[in-house]
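Provided herewith is a single structure, encoded as structure tokens, for subsequent inquiry.
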Amino acid sequence: MTGKPLLRVGILTVSDRASQGVYQDLSGPAVRAYLEGALPYRLAFRHLLVPDEVEAIQRGILDLAASSGLVVTTGGTGPAPRDVTPEATLPLLEKPMPGLPEAIRAASLRDTPTAILYRGVAGVRGRSLVLNLPGNPKAIPTCLGAVLPALPALLRLIGALEEGPGLAPGPQEEEGPRG
Amino acid sequence: MTGKPLLRVGILTVSDRASQGVYQDLSGPAVRAYLEGALPYRLAFRHLLVPDEVEAIQRGILDLAASSGLVVTTGGTGPAPRDVTPEATLPLLEKPMPGLPEAIRAASLRDTPTAILYRGVAGVRGRSLVLNLPGNPKAIPTCLGAVLPALPALLRLIGALEEGPGLAPGPQEEEGPRG
Amino acid sequence: MTGKPLLRVGILTVSDRASQGVYQDLSGPAVRAYLEGALPYRLAFRHLLVPDEVEAIQRGILDLAASSGLVVTTGGTGPAPRDVTPEATLPLLEKPMPGLPEAIRAASLRDTPTAILYRGVAGVRGRSLVLNLPGNPKAIPTCLGAVLPALPALLRLIGALEEGPGLAPGPQEEEGPRG
């Protein structure tokens, strides 16, 4: 039962209002809740909250990617003036993976015609997959569900999973029960 | 009844032959006819005609984007040597919107197997949406129809719509009745 | 019967193991077998084999594109650390054709959920179409089948086909019967 690999997950909520405390971050917890129910790994989460600023987003992604096999951002993927998450993310990707946002748009389009406005990017940086999701918490399950069937193969191929019982969780991280 | 927002639309026909007067521009008028029947705004059109040259296309886009909330180009999106509209357009986009050409290809593919050859790009520049369409007038309704359901939200988010009755149409523009 | 155009096809197998002779290249022959059965041209093939190194891949593509109307690479399109074919290919493309990998992913996704991990690119260089395919030989028919309906128009538009009986095949090339 200790044989399940460990996946460290970094969640970056990108939102001017949530980062100012004007309203509560709902999409970050929605990402976490979905992944806890869907991924067959021990999971350790870190969560950061930044405003819609390119530099702050990049610092957040770099920080999380250095310690996580999966970095999910949420927010800032639309066409509005403050939406700059794709522009912040793209230069940090060593290997863009256009099939992921493509699958997210295709799955979301079944429910909502504005799904084609999603400009998120995804790709590999080191041993991390970085994935932009939209900021609407209700959209999170559909978006993550669109890429979920390919995630285990992807995470394994890039070395994102930590095997074996000897690995302690990093600082600031919570980890689920080891069973 | 005067409450409908104003949308200024720039149409750029990209065609060596049409710009030389060798044949009549049919796709520019097809874009206008479609938008007049489909968009719930007061519409004011400008129309330019340029050859398949990167510099001429870029000057046309910049001119139209400076005064329009929506810039639609038609022509030059294929793989032939003279087709350079995407290469001319991409550097002018501040926020590429890959979901739009993706939706255009998906919708067009139902009728025509060569739809995958469409290389058009789309994205935001300032308060304008710039959208490349193919040059075939018969393809215009399918292509615009593929993005139409998301256009109102998109135009509103980028500030492309001009609200209120106090705004006069710009020079060289024709405007529909204000009802 | 001699009127069929000639298409020179360059196949580039990208594989560390196949280039070291560790295992047999199966995907290169799979590309050839598929094209021989599917394309209505006289076909002349060249085949190169390189390791998963950006420089070697680029040399191979440049060599083949200089003498072929169609260059198909196979291998190195996934997210693994050694998968660098898209990164090697993209800078060599004068006109990226995003609709082709998009169609390949859409067609492959019907059978396999990991199809969204395919990161291949396609585009025009000079008079050649360059197309990245995955390395799995079983995936070749589905991938080529996804773009096949548009290939004749595409090859004609970029000048990839050699018309007329007066053209001799290049050095190192085998050619099918002229009928």
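Labels for the chains are A, B and C, by order of writing; each one numbers its residues from 1.
The rule we apply is simple: a residue touches a chain if its C-beta (ideal position, glycine included) is under 8 Å from a C-beta of that chain, and two chains touch if they have at least 3 such contacts.
Because the structure is predicted, anything quoted here is derived from the model rather than measured.
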item	value
Rotation angle superposing chain A onto its copy chain B by C-alpha atoms, nearest 5 degrees	120
Self-contact between copies chain B and chain C, residue sets same or different by half	different
Intercentroid distance (Cα basis), chain C paired with chain B, Å	34
Sites on chain B at which at least two other chains make contact	98, 102
In the complex with chain C, residue positions of chain B that touch it	78-81, 83, 86-87, 98, 101-102, 105, 109, 113-119
Sites on chain C touched by chain B in the complex	95-100, 102-103, 124, 129, 147, 149-150, 153-154, 157-159
